[in-house]
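We call the chains A, B and C, going by the order they appear; numbering starts again at 1 in every chain.
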Amino acid sequence: MKNVKNLFRHWEFFLVVFLILEFVVFGAANPKFLRPASIMTSLVNYISVCIIALFVTLVMITGGIDIQAASIIGLTSIVEGYLWSDLGVNIWVAVASALVVAVLCGALSGFFIAYCGVQPMVVTLGGSFLYSGLALLVSGLSATPAYQGISGFPSKDAVGAFHGFRFLGKGVILGVPTQIIVYLVLIALCAWLLHRSKYGEKLYLIGVNAQAAEYSGINTRAVIMSTYVLSAFSAAIAGTLLTANVDSAKYNLGAGYTLAIITAVVLGGTLNTGGKGSILGTVLASLIICILRYGLPLCFGVSTQNLDLPIGVILVLVVLGREIAGQRMISALFKRVKRK
Amino acid sequence: MANETTGQAAQYTLSVKNITKSFGTNAVLKGISMDLTAGEVLVLIGGNGAGKSTLMKIIMGIYQPDSGEISVSGRSVNMTKPSVALAEGIYMVPQEPMLFPNMTVEENILIGFKESPIELKRRLAKHIKELGFKLNLQRKANTLSIAEQQLVEILRGMMREAKILILDEPTSALTFGEVQSLFKVVEDLKAKGISMIYITHRLTEVFEIATDVAIMKDGVITLSGPVGNFTKEMLIQGLLPTDAEMHQAEKKSYVPVDYEHLQPIMEVTNLSGYGFSDISFKLYPGEILGIAGVVGAGRTELISTIFGRDKVLGGKVVLDGKDITGHSTSSVLREGLNFVPEDRHYHGLFKIRSISSNTTSALLGTNEIGKFDMNRKKQNAIAQKYVDDFRTKIVSLEDLIGSLSGGNQQKVVIARSLSTAPKVVILDEPTRGIDAAARGDVYNIIHQLKDAGVAVLMVSSDIEEVVELADRAITVFQGRINGEFRHDEITQDALTSASFGIMGEKEAAV
Amino acid sequence: MKSILKARWISSFVFLLLLFLITGIVDPTFLTYSSIISCFNNATMYTLLAIGIAFVIMTGEIDVSIGSTLGLAAAMTGLIAKAGGGIPRMIVTVLLIGALIGFVNGLGVAWFGVPSLIFTLGTNGVVRGLIYIVSDGRTVENFTGGGLGSFSNQVLFAEITVYYAITLLVFIAAHLIVTRTKKGKYFIAVGDNPNGANLVGISVFRTKLVAYVLCGAFAGIAGFVFASKYGQVMISAGNGYEMTAIAACVLGGISLSGGLGNMVGAALGAVIMASISRLLVYIGLPSTYDNTITGVMLIVIVVIDALAQRRSIEMARRKRLLSRTARQTEEGASKA
């Protein structure tokens, strides 16, 4: 009995119910919706947001925020394209270099946040300008015009199957796209980091009370900085997958993902003041948004250009509902009404 | 006091009747009634969690009562929000002053008024003169000391022509001199016919300023009346828990520490830092060294500097033969020193984490609870051990620590500091803000530590506490050691006079 | 002590002067009245957005929905113009739209207590969707009728456009409200210490609600300016403008944790943000350096500011602590 009650207390429970509801409603409206291949494709289309949201969850649990990750997608992509296409570097070396660049970007912002005590929102806002600006500059070095995007990455072998770099974006292993497998691996990694490892415990403690964490001998600065490095790293992975998928290295890939990433993390139940949240919640919330984006156009003819509206509505309703339920708000509400 | 006739009610400046208030299932106030006449100083005493602050917040309109009535000068008033209370002439000086840190003193005092600024400034100048404050009005609030902030709060109350002033533990952060000037202000206000509710933990203050006194316990007023009707002993009796399960520290016969055959475990030599200077002392295993002094004497700065929280300006700290001067907190922890901070909420607790997490947070730098993976079993086992040892009242180890009472929270914080098996434990105000029963338990824990051969360095502003526990004591006055006392020299008088910088002959004996 | 507060916007003023000077040194042709004044004229939209959001940021909250609000207001302006409506009707409409969105944001944040970033993230999506609905998914264009287009370029005097003149008036009003009026100081007070504000009878709820309504209304007017300036409104109009406005406030010394800053800073920050690409052209760098320079500038300024602030607080604390021990030494000396 107590377990059932506990279940209701968990935010993840409501997310699961919501996700199931989506499948039921969309499935009933249009049976085509339930084709696994289409569902997986929809997930692949949204994978950058899903992946980065995992790691931004870590950042937000420490009480920070990261609005620069999306700009690192484009930076990674264009660095890979430029190194490979214009400098003739081996594609894997190019990928590794791009990952290093991303890690440096994350470390730079993380350093300012953790060691100089600047507000994370401000630093990563600056970072989002800086790294997208750098991406454009790198793009300017390339012979390919910025708006065009560098393409023609090594792709098919003699048989015509995807291999090499493009396998990352287009490949299929046992019927599952490579991208989804990468996502699953990253989910497992993140879940372990946050919920099983001592590192995760430190993240929570810092988010709840950074001062007390210092008094417990935790090096809060290093830990906080590391979360920004990790989220930048994840953005680089997302950028690489995206480049490999669309066969185009462009400086502005991922532009406009910022709010989507934050939405996924917040909808997943992570407290933006830190100290609370889970990987499962973020994954479920990412899936909910992803399925919504896939199902609404397919089943109800909603224009793909106008998906911000339903997602916005859901976010607003969900956070309001959570706040009302969470704070015994109903009674307070009555009192306030009476007062007016 | 509890006179029910309406004719008499009119002469009370403030009268509350049968106030009840519950948070969830927890009944905090169980029918409180009290009345206040003009010029009355009602001192309200009671343990933590007695409901004093809740009652004051209800009077201020910050909380709404579940039932009951508040009337001001005989009129029933529905205190829906602070602005209603302010309009009725009630002003509360909160325990922690609520100033706007980025505004000037003047802006802080004058904000929220409707009158013209010129008129306001004139009145403010008048009040400042009346009270004899010396305050630069253009200073920013974040540069003020706590005492100065409280003066600003009192001025705010004066500016609002408050008829009823609530002072919530105003002296808890004040130095001796500041307390005296505050008392003078209270006397002045009393003479002007202003009623005051004065909350305090310090019994001596009752007889200095009160006209009336009331004791609150567990949501009810158990004792009240004019101060002349009571003696200090009667108040102490009134405050003690009545239930039999009170754990008082057993008065063991004192076992003297054998200093002759002991090597000091920690040696502090000529240590200087921000807020203290030229501090030297030795700490032996199995002893409790008390550091007495008034708030602001530099004791907290001294020990948090040893703990790696601030810069060392000179001198040396040697722990068990190793120089740890200026080491980081994590390194100091590794070398075998741990710390129970004074401010439980800011430096001690992870409120929305479990009791287990809180207990083992200092072990994250060791391999005690796993190398990379968290060993939850081990974690819970350690937490459970301390819960059993310390008789901490909990339902489950998974419960959030924020749900525990202050005393039990403190036990968990102490458990955390012991979890690293330290050779030296520093306790800063270990019993601040916890009730008598929990206090007894904490004393027992300290005795156990001593018996186990741990060196205990205890900072306390509660002189009785130092007298009861310490094997040796030093007093710190204005950042320097000004007295050192052997066990047989530790008396309340000696420590008090040294704490306030009054040197006795004792000093010569050291 | 007020000097610290002043210093924050003065430093952004000095910074703006430096930018102009450096540009002038590289290319002296920049140092003419008209090119400098055009920097200000061009900043109209950002100035309005920055002043609006400054109200919200001062109270310690944030609003990321202003970009969409601008877009919706711009789209509505275009639609009204196409339908032959006059400018007064447009202005009333954009003000109402903005105020209404601000009102909803204020309710969600101040009454229901939803963290502001999250709530306005949600309304941002909703409003962006509304643009799609009102414009039927198409770019709103060909609406230069009704005098809208010519209005945008009208010069009032001394090369100052009508828009910037109006913006200036609005700015002065906003500045006076925040610094001179009793209620205006509530914005800063609420951001500085919400509990303390509550205790002296300031309604935190009402103050934040008003801040959001103002913020929305300002974004609405900015939308009107957008429509008349560009003559076409895409569905994505105003996307990302919220970040530019926030950056402008930060550059102008308004602290994102609330309780610190003033309108002069916001307006100057907006001019800096709007001028960078123009200045780059004079310096001879392609506009592709735009974001990089903005990012570097933003980070450098906030890091220096944070370090300086931390240092001054730390120095004050240390001085206070040191004076305690010093006092005793003096007393000891005088006794001896």
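Going forward, contacts are C-beta pairs under 8 Å (C-beta built on N, C-alpha and C of every residue); 3 or more make two chains touch, one makes a residue touch a chain.
All figures in this text were calculated on a predicted structure; none of them were measured in a lab.
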- Which chain lies the greatest distance away from chain A when centres are computed from Cα atoms alone? B
- Which chain pair is joined by more contacting C-beta pairs, A-C or B-C? A-C
- Message: Quick check: how many Å separate the C-alpha centres of chain B and chain C?
- Response: 43
- Query: How big is the gap, in whole Å, between where the Cα atoms of chain A centre and where those of chain C centre?
  - Reply: 28
- Item | chain B residues counted as touching two or more neighbouring chains | 81
- Task: Spell out the part of chain B that touches chain A in their complex, as residue ranges.
- Result: 64, 80-81, 307, 309, 328-330, 332-334, 339, 341, 346-353, 357, 361-362, 364-365, 369-374, 416
- Sites on chain A touched by chain C in the complex: 65, 67, 112, 116-119, 121-123, 125-134, 136-137, 139-140, 146, 256, 259, 262-263, 266, 272-273, 303, 305-313, 315-316, 319-320, 323-324, 327, 329, 336
- In the complex with chain A, residue positions of chain C that touch it: 62, 64, 108, 111-115, 117-119, 121-130, 132-133, 137, 235, 239-240, 243, 246-247, 250, 256-257, 286, 288-296, 298-299, 302-303, 306-307, 310
- Can you check the complex and tell me which residues of chain C touch chain B? 1-2, 4-5, 182, 185-186, 188-189, 192-193, 195-203, 259-260, 313, 316-318, 320-322, 324-325, 327-329
- Item | List of chain A residues in touch with chain B within their complex | 196-202, 204-205, 208-209, 211-219, 275-276, 335, 339
